[in-house]
Every structure is written in structure tokens, then in C-alpha cells.
Amino acid sequence: MSTPNVAVVDEQAAPRSNPFRSFNFTARFWVALVLVAFVLLLGLAGFLYPTASNDKVGSLYDAPGNGIPLGTDNFGHDVLAVLMAGTRTSLIIGLLAGVIATVIGVVVGLVAGFVGGWLEEFLMGVTNVVLAIPSIIVLILISISLPQSNLWSLAVVIGITSWPWTARAVRAQASSVATREHIDVARLSGARLPSILFRDVLPYILSYAVMAFVLQVSGAILAEAALSMLGLGPAGTDSLGTQLHWALAFQAVASGAWWAFLPPTIVLTLVSFGFLLLQASLDEVFNPRLRRGKRKQMKQTAARRLEQAQREQVQRGTPVAAAPGEGGNS
Amino acid sequence: MSTAQAPTTVLARAVNVSAVYGGGDRDFTAVDRVSLELGEGEILGLAGESGCGKTTLGNSLAMIANPPLYVVEGTLDIDGERIDLTTLRGDGDLARQRKYRGGVVSMLPQGAMNAISPTLRVRNLVIDVMRAHDRSVTRDEALDRARDRLKMLEMPVRVLDSYPHQLSGGMKQRVITVVSTLLNPRLLIADEPTSALDVSSQRMLVEMLLAMVEQRIMSGVVFVTHDLPVLSQVSDRLAIMNAGRIVEMGPTEQLVHDAQHEYTRKLLSSVLDPTQETRSRGRNRRSHTGIGEGESL
Amino acid sequence: MSTVLECRNVTKEFHVAGSKVVAVDDVSLEFTGGDVLAVVGESGSGKSTLARMLLRLMPVTSGTISFRGDDVTHLRGHALRNYWSEVQAVFQDPFASFNQFFPVGRLLRRSLALAEVDRDEADALIEECLGYVGLTPAQALHKYPHQLSGGQRQRIMLARALMMRPKVLLADEATSMLDATLRVNVLNVLHDLKDDLGLTVLFITHDIGQACYLADRVAVMEHGKVVERGTTDEVIFAPRGDYTKRLLADVPDLKGSLKRKV
């Protein structure tokens, strides 16, 4: 049954997955992005909102109404204005701390994982020590010992205590990348260590670094909130945490002034949930294997192909296989 | 040519199997209207290079094609039943598929031996596989069957207690072959079962497959591989695939000695075995023949 | 014919979970210039570990490696990079050998520093090396690894290795992942390189048939030891060792016996 006229096909480019095209934006990702975007916009909206966060527009815990959407807080300030300013501050601290923690974590993890040996032991030892100490205690101690806590100092303090988690994750990945063949080829080509780390290892762990960054930001915002609630927050600036601090101090819960503590709580929840969801969905975005597939699209393709096959068979006069939905034994 | 050597009874006949990788506006036809036939007690070798569609054809026949791969046409006649292989609807009839897969046609995928969970002892794998097919099977029944099968094939029963990493590559592959045929499928489709093995382990696996067919554990095997010499040892008939189509099919002996199609000849001539002929070819090769792909020797 | 690369009493031990694994056991081999030498062994024979040690990508546990009479066993830094301008390699997996995030041309340019070539001559050198393997810069340089076929990737890896104008080229299962029809082509290229550039080619493989086709001399390894060595004719057609005989007997024969029973 040979068919001498079938063309011989030369070796073609095997359809390897394109590392750049494998970004798959799922529904989960967009939902997460919307939540995070909302929080970001809330922070930025403060620049447009007519009332400043330290304008006295009413008295202690005025209920919402009269053009003040969320009432006033204990200082008589517009709660919404304070919320917006607070969100912005928290976001800035979160981002700063996130950047610091991610950079330290990635560098430590890369070097430890790739170089290995005693350097890895040493760096991992340091990481474990920093990890083991309850960070909140460290944060409190450092915050107390600083003369005055401001936005920057807080961000730095949070950043330098929260990197171990990232370092561990990156180290594991860097360790596995180090065994890959392209690293050997790079060495054989005369590349030096910094070049190898930066060009041959980092791109392969970038997705982990991005996901770690997202979690670090979220964690930092919550850490700031915790510190601020304890009264160790940035002096003279409003943040989500300080809002809650004042609400607690002035017993907003007992007085029934829900507008004083509920909004910051909700925003913090959105932050936490949104970033977490973002990180989880990024896993799907970066990892094509977790992809669920564009089912409808592919079914249409397959149906098209079947139609075409049937048309060809009709032309040739050969029997047609049963189409789905038309009886048949499927 | 075919009728003189035609198998006495036809075990399975596949007609016009086509499979397409879909998604977006570009489709790729991996298998293009392929038909083949397998006789009772026969081993059919499905040979070809990477990208020719042999693995996809195997997956289509075993009904384990998953999106983005869709089987868009094709039927399989086996045991007097005509089975529709198309998977357009994606879900299909799960209960029927479960009965079909493993029971009628069983697939031994490439790299299966490395895909076993490292935390499972072999006996747990056996139990999982049997119960996935039929919930009513008890643990003891499953293990008894496994033990009988191992003894029948002269394999040590103690492998049941081992973890995958405790077994050599060759042993793992034989174990996984036994496990995938516990349900006595009519047809086994084995995808590159020997490729990752040393020549001595390859030989043991091939001998085991022949013994299994002889003892009627399964009634036929489709042996998918790029390795022609292995096929010439084990298969009755050979089908050569290229670009989604079968370019030549016939009794192994005939194909190896008197190939008709240009591609078959090219494939055969690229086999390098440790013989004087190969040595001479190496010594007398025309130098600077260029590196054009598709060059024949 | 002088000895270009040599290893004496080389041993490699790994410590895995408390126990010791000897991957390479007291191996001594000499590689003479201008020849193709094959090291044949099944998985676990230690051939790839030996290859990595010869390339100085892995430290030896004991023994010495010499290149043209100089001891290179413990090279580091600048001296090691010099060694790599003389001894190069192509590995088994054409895709894994590439950094998938960068175009192929970048890999070739990276070797320029090692090849000690300035930017003007760079393009000429790249073109020349690609030419040896039958590719043009236009076909390859701007492409990403995933856009190329397996055969093309492996050939670019070869071109990369040649840019340094090495004396020794080590091919570690370099043809194992290629399709059969391409394999012969690549083997022919390796042979041509030996003729045209006077390269010493070290061909590491599990496939004794390929060694038969390509090599002048063969060494057979089993469990970390060299169990047979000699010219190709000696080892393959008049083997002395039991392991070699068994290895040859187990290789499935395409045309020899076509009895269904193995």
C-alpha cells in the first residue's frame, strides 16, 4: 500500500513553545488585576478629591451625609479623603518595601543557589536566622529604637526583614537552573559569573521573582498596617494602619461609628485578596501547562476541519463518517 | 503483496483517522486520513522520525487525545464493534471511554516509566490502575492478578513492594508495560518503549512483548518508534509514516529488503549498525557531500 | 601521532545520601591528534562524567588530566578559559543547550571574547563557522532557539564550538536526540572537520553502530572502568572482553536475522 507520490517532508522546525508567547491571561488574572487597579486608583484619586485629608470638615464621628460620603473621623477629617491618602501611603510603603525585599531576596537566592558550596550554606544560614525570628518583634524593636518613624524608614525596615521567603524560593530555582546544559555552554563560551547569573539564570527564574514581588508588596502593606495599629506607624502621615489605630484609640467600634474603621478594613482586605489572587493567577499566566485551553476556539477549528474532510469525501464519493450530533455512536 | 501475507483474522481496522492541532487561525494536521489494519496476534511497527505523526496516531487510536489536539475523523473496528474515534465534543461519553481505554485499547505512553509517582510503591500503582477502570475490583484481586502476571512473564514478584527509584530503567519499563496490560486489552499501543533503554534492556523488553502476545495477554501490539532495527526484530508488519501519512506499509522482511518508497529507503540507509558494511561506508564516504537536509546516501 | 589529550588514573566519586558512588574508576586514556576516538558505554558507565571532567566542567576526585603535556587538572579562572579556547564540546540536547530567551546570534557573539577576535573580524568568523555546518548567518543569527529545528540547533552548537578554533572537540551524545536521517549528516560533518581542520574528535555515545561508522579508535566503558580499547576494527570485529561481546550481541540487527523471535 505504498504511495510513491507522497512528498517527503524535510525536517521542519519542531513547534517548540515560544517562551514569549506563553503568557496566558486567564479570567482569574483579570479579576485580580481589577481589584489591584481599584486600590491603586483609590490612592491616586486623593489628588483629585476636593477635600484634603487634614481639613476639618466636621466634628467627632459625624455620620455620612451632607456631602461627606463616609462621614468624619475622630479629628473631624473627611474619612474618604483620609482613606485615599492612607491608601496611597500604604501602597508606597508596600511597593518600596516590596522592591527592597525582592532585590535582596533575588540576589541572595541567585548567588546561593547557583554558586553552591559553602557560600550557599552560609547564605542559607543567614536566611534561616532572619526567617526564624518573628518579624513583627524585629519590626517593633527597630521601630522603637528609631528616633522617628517615617515612610522611608518604615519601608526599609519592612523590606530588610521580609526577604528570606523570596531568597528561599529563588535559591531552589537557581539551584535547578544551574544544572542545565545552557549554563555549561555559557561557561565553555567564556562567560563570567555575573554575566551568567544575569543573562542565563535570571530570565529563567523571572516568573518566580515577579510572583514573589507581588506577595512581598501585599505582605509589606499588611505589615505596615500592623505596625501602625500599634502606634509605630509613619509620623505625621495617614496610612490605612494609622486610620485603624485612631479608630481603636477613639473607640469607634463601641460608638457605632462604622465609617471610621470599616473602610480601611475593607481596603486592606481588598489589597490582601487582590494581590494574592494576582500571584495565584500569575502562576497560570507563566506556566503554560496549567493552561485550561481556549476550548471554544479549538472546537470551532476542529469542526471546520471535519466539514472540510466531509466535503472532500463527498467529492470523492466515499462514505462520510458520522458527524457529531447526527446520530452516530459517540 | 498484502493479500499473500494478510493476517488470518483481522483484530482491528482503523479507517481514515485524522487529527488536528487546533487553536486560533492556524491548524496543523498531524495525522492525515490514515488507515491501517492489525491482525490477531500481530505486532505492527509504526516507524518514522520526529513530527511525522506516529505518536499522535497512537494517541488517537487509544482515545487519549486531549485539546489542543482533536481527532476530527476516524473509526476503529474492533471486536465487531465500530468505534468513533472523534473527540470533537471534548468530553465524550466518559463511562464508555473509561471502559474502552485500558480495557479494549491500552496506551503505554513515551516516558511513562518516568512519570510514575515516586511516592507510590508498585503495588499501589497496580491497585490504582485496576480500580480506576473498575471500582468493584478489590485490592487483593488486583494484587493477585498482578502477581500471576509477573510470574507468567518470569519477573520477580518482589517488584510490587519497590518504589520506582529502586528499579533499573529496564525493569521500570517492563513493570509499567505489565501494569498497562493488566486489564488484558485487545490492543496495546506502545510509544517508544525502548528509546530510553540500554540495548540489553531493550532486548529484554522486546522479548517480554513477544511472550505477552504469545500468551494472549493482548491480541495485538502497535509499536511506535523511530528505531528501525528494534522493529525489524519484533514486528510482523511495518508502517512508515511521514508528514501525517503512511508512505509505505507491508511485511517487515519485505520492506527491509525491498523498500519501494524513497523515504523508506532513506530511513533504512541511515541505520548504522556495527557491521563491516557500516565501517566501509564510514571510511569510503564521499567527503564534502554538504549538509543539505534530505540528503540520501 | 602525538598525544593531545590524556587522562591518567582519573577517578570520580560522588557522595549521595551518606553512601559513596564511584562514577569513574581509575580511567587512563590517551587521545592522539587528528583521530576520531569514540568512548562507548551504556547509561551508568561513567562516560559522560568522564567527558565533563575532561572538559574541566567538573572537578576530579583523583588523577590527572593533561593537555599537550601540561597538567590541566586544577585549572581556574583565566587559565581555565584559555583551556576552553583549545578544548570545546557539543552536548546531547540541542534545545537545552541554548538560552531560550535570546536569539542564537548572541550566543555566537558571546564566544568572541574567548576567541580573542575583535568586532571587525567577528562577522567573518561567525560566517565561516556557520559555513562549516552548512548554515548562513541570514538563516540563523536572528532566530530564537524555538524557531529552529533540532538539527539546525545542533549545528549551531557545533559552529559555536568551532569559533574558538579548538584542537579538540568533544561530542557528548551529540547525535542521540537527532533523527536518524540527520545523524549521518552530522557524523559526516564531524569527519570533515577532522580532515579539514585537523581536529581531534572525541565521540561519546551509547550507540556502538555510530562509533563503527565514525571512529578510528574505540574505548568501551562499563561501570566506570575502561574494559576494552583499540582500533575500531579490533574492538568491534574482534572483541576480547565479555562485556563488549555482549554489547555487540544485544544490538538489534536490521537485516541480519529477521526471524520474529529475537
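For clarity, chains are labelled A, B and C in written order, and residue numbers in each chain start from 1.
The rule we apply is simple: a contact is a pair of C-beta atoms (placed from the backbone, for glycine too) under 8 Å apart; a residue touches a chain by one contact, two chains touch by 3 or more.
Since we're looking at a predicted model, the values are computed, not measured.
Engineer: Name the chain whose C-alpha centroid is farthest from the C-alpha centroid of subunit B.
Structural biologist: A
Engineer: Taking contacts as defined above, which has more of them, A-C or B-C?
Structural biologist: Most C-beta pairs in contact, of the two: B-C.
Engineer: What whole-number Å value describes the gap between the mean CA coordinates of subunit A and subunit C?
Structural biologist: Distance between chain centres: 44 Å.
Engineer: If you average the CA atoms of subunit B and of subunit C, how far apart do the two points sit, in angstrom?
Structural biologist: The mean C-alpha positions of subunit B and subunit C differ by 32 Å.
Engineer: Residues touching two or more other chains, restricted to subunit B: which are they?
Structural biologist: 49-50, 266, 293-294
Engineer: Going through subunit C residue by residue, note those that touch at least 2 other chains and give them in order.
Structural biologist: 150-151, 179, 181-182
Engineer: Mind pulling the residue numbers of subunit A that touch at least two other chains?
Structural biologist: In subunit A, residues 11-12, 14 touch at least two other chains, as defined above.
Engineer: Inside the complex, what are the residues of subunit A that reach subunit C?
Structural biologist: Subunit A residues touching subunit C: 11-14, 16-19, 180-182, 184-191, 199-200, 203-204.
Engineer: Show me the residue ranges of subunit B that touch subunit C in the complex, using the header's touch definition.
Structural biologist: These residues of subunit B touch subunit C: 49-50, 169, 198-200, 202-203, 206-207, 210, 226-230, 232-234, 236, 252-253, 256-257, 266-268, 270-276, 278-279, 281-282, 285, 287-295, 297.
Engineer: Going by the contact rule at the top, pick out the subunit C residues touching subunit A in the complex.
Structural biologist: Touching subunit A from subunit C are residues 55, 57, 81, 84-85, 88-89, 91-93, 95-102, 107, 110-111, 113-114, 144-152, 157, 160-161, 179, 181-182.
Engineer: Spell out the part of subunit C that touches subunit B in their complex, as residue ranges.
Structural biologist: Residues 42-43, 133-134, 150-151, 155, 179-185, 187-189, 191-192, 195, 206-214, 232-233, 236-237, 246-248, 250-255, 258, 260-262 of subunit C touch subunit B in their complex.
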